[in-house]
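One structure, pasted below without further comment.
Just so it is clear, A, B and C label the chains in written order, and each chain counts residues from 1 on its own.
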Amino acid sequence: MNPYLPILFMLIIATAFAVGALSLAMFIGRPKGGNERKLAPYECGIEPVVGEVRERFPVKFYLVAMLFILFDIEVIFLYPWAVVFRQLQVFGLIEMGIFLAILLLGYMYVWRVGALEWQ
Amino acid sequence: MTWIPFVLIAAVAVFFALYLVLSKNAVHGALSLVLVLVSLAIFFLLLGAEFIFIVQVAVYAGAIMVLFLFVMMLLNVGGAEGPLRENPSWQLAAAIVLGCVLLFEAALHIARAGEGVRHFPQAIAADFGSPERIGQLLFSSYLLPFEITSLVLLAAMIGAVVLALRRFP
Amino acid sequence: MSIDLTTEFIKQNLWVSAPVWSLAAAAALVLLVGAFRPRSTHSLLPALGLIGVIVSGCVTVHASQIATAPLGMQSIDSFTVVFDLIILIATAIGIIISSPYVNRESLARGEYYALMMFSSSGAMLMGASDNFIMMFLGLELLSIPLYVLSGFRRLEGISQEAALKYFLLGSFASAFFVYGTALVFAATGTTSIAAALAANSGAMLTMGVGMVLVALGFKVALVPFHMWTPDVYEGAPTSVTAFMSVVAKAAGFGGLARIVAPGLSPNWHLLLWLLAAGTMIWGNLIAIPQQNIKRLLAYSSISHAGYILMGLLTLSRDSVAGVDGMSAVLFYLLVYTLMNFGAFAVVIVFAGSGDKAEDIDDYRGIARRSPLLAALMSVFLLSLAGIPPFAGFFGKLFLFSAAVQAGYPGLAVIAVLTSVMGVFYYLRVTVVMFMEEEPASGVADKPSVSASPTYGFVLGALAALVIVVGILAAPVLNWTAGGAESLTAGRPAASASVRYCALCRLQRFISRPFAFDCTELRNLRYR
């Protein structure tokens, strides 16, 4: 049996659930006769904020995204390492230790200069 | 039977690729790019390259798309805006001609079933490209490149902070 | 497959990459000290960086005596040692020249020096690579810090523009490198440079190697790939421009040498010939009408890339021509480091705070106010132009005679003619400084430009070296010949007939007062 078959089943079930839930909501809870109030975005019962929805993001989001990518790439290397960890024995631990230590250094730097602080 | 998933995924990939190019809304375009990238990832899975599949999903469809979206919001790329500037008409003509040449070339190669294309000189092992094989190579013969990668990442990290951090302590 | 990680393997790996690691470790230390220690201690950072560079030099020499077995990724042969030491010398000069500049323009200090040193470790990696993957990592480790350094004055539009241009075009070049490597792997099943080039040539391999050459050609600014150079050189902080004009160029040529040395197929030689000729002609031609001193030096650096590529081309011939040519190339890289850093340092001093005065017009009559600085600038420019008795002359002489000896007389003729063109624009700056009158408006209120003690020391030392290396060319050339020898080990030996050893004659002529004996060197080559 194809080892990916369970994943296919899961995908089908997930899709079916999403489609089912949405269509059920459409059939049962369809708003009858919408007016302007009903079409307005819901914001905890207070008056919706007027103006352009798309606002300029501050540049710090970009910094977070960059750091996310870099650490994401780091994590990718852990994946084949985990697969062959038993074959590598203690050397593997040292190899990955050096790799992570260098990135930890970067993390310390990023933390220290305050790139992770929001204010 | 292996062609069924391929055709399905290929249809999804082509559809969203077209949507990506034709959509006027940048954010919609970015979201359809996610689907294109995921379909490509499934192609890699069909080819038996599990590691590249994971990389494609985690790094490209995940992290790099996040960066795309953030940059769009940073630049405040609006919704249905016109193109930045009109492309000259010769560009369209050249694109069509070159596209046809590429299509013809690809069709020719498929029709000739790769004859004349230089074949990979070594026999490909059954576990070629599996995460286990990649791990074995990466942590023995390719140990040095692996460790140097961390230096490249560190340099990039410093660079991101230097260019984007507003206030240094 | 099981993994056989022996202690010996780990040890070899460690030593073979020790030069890169030692410099990177020093860079990391500088970074952390900059981040964790208070601002008042930051003036010690350049000293810390210099200590790191010196330690790295010692480690390089020591490691070369230990690591032997080829690992297929990197090698630490005599070429690596000579190349690494040239890079380290350039890094040391770069750090010293930067320190007053970084203070003057109040740039973030820890990050600046750390990025500079990371970039150098990438350069050292490129010159030591035996594998396309390793060379790519070296290229990235060299380039990423350089992109950031170009944009280091991040509030100024021109610096941002330089960084963005360099980054976009540079990552395009990197993509070429990766795609080329992929094609080479697809064609031959290996990413080892020597093994891939030894495989039977095919269209796919040719495409792959071509793309890799394009990427390296971009880094060293050969002519069809030079478009970024003037804008980036002008916009980047001047100390960074000086650093990248030397280190990125040396790194690119180190990488090219590693690819050309195992033997490219003869078709490539014509292409490299054309690239060298085009670079020399175009670089020198476009330098003539330049009005900005940094742009002028940018085009000058393009033309020098052409001269150096001409020397590299000799590697295509037998081992004797290859050793002569490569030793001339390494010698030239060293001399170029000295004179180019010197010229840029004077530019920094003259430009004043905020890098204001960088047009050649601003240099009018400047010799009245600061004759010593103007004289030093003239020394560096005349050396760049290749006028005796400065080191630049001997560098060019060795390159040209090596090209003639290797059977490229046409290229050598082009080189001589374009050098004459070069003399014109280098001399123009000197003439402007000494002969022309200062603009009448601000004679009275302009103070004389004076160099800080650091610059005084550096400029004096560099000018002295430019003269001394020229006079003592023979021992230096002997040193670089040792480095070139390991690179040409795989080349076919020279034919049995006695060859006219132009370099040996020259060396003997130059070094007669110093009783330097070159027969030993000669025996070495014919072995």
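Here, a residue touches a chain if its C-beta (ideal position, glycine included) is under 8 Å from a C-beta of that chain, and two chains touch if they have at least 3 such contacts.
If you're wondering where the values come from, they're calculated on a predicted model, not measured in any experiment.
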item: A-C compared against A-B, more contacting pairs; value: A-B
item: Farthest chain (mean CA position) relative to chain C; value: A
item: Inter-centroid spacing, chain C versus chain B (mean Cα positions, whole Å); value: 35
item: For chain A paired with chain C, centre-to-centre distance based on mean C-alpha positions, whole Å; value: 44
item: Intercentroid distance (Cα basis), chain B paired with chain A, Å; value: 19
item: Junction residues of chain B, two or more chains touched; value: 136, 139, 143, 147, 149, 151, 154, 156, 158, 161, 168
item: Overlap residues in chain A, where contacts from two or more other chains coincide; value: 84, 87-88, 91, 102, 105, 109, 112-113
item: Multi-chain contact sites of chain C, meaning residues that touch two or more partners; value: 3, 5, 28, 31
item: Chain A residues touching chain C - in the complex, by the definition given at the top; value: 84, 87-89, 91, 102, 105, 108-109, 112-113
item: Complex contact set, residues of chain B against chain C; value: 118, 120-122, 133, 136, 139-145, 147-149, 151-152, 154-156, 158-159, 161-163, 168
item: Chain B contact footprint on chain C (complex, rising order); value: 1, 3-5, 9, 13, 16-17, 20, 24, 28, 31, 71-74, 108, 111, 114-115, 118-119, 121, 125, 131, 133-134, 137-138, 140-141, 144-145, 147-148, 151-152, 154, 163, 186-189, 199, 202-204
item: Sites on chain C touched by chain A in the complex; value: 2-3, 5, 10, 28, 31-32, 35-36
item: Contact set on chain B toward chain A in their complex; value: 45, 51, 54-55, 58-59, 62-64, 66-67, 70-71, 73-76, 78-79, 131-132, 134-136, 138-139, 143, 146-147, 149-151, 153-154, 156-158, 160-161, 164-169
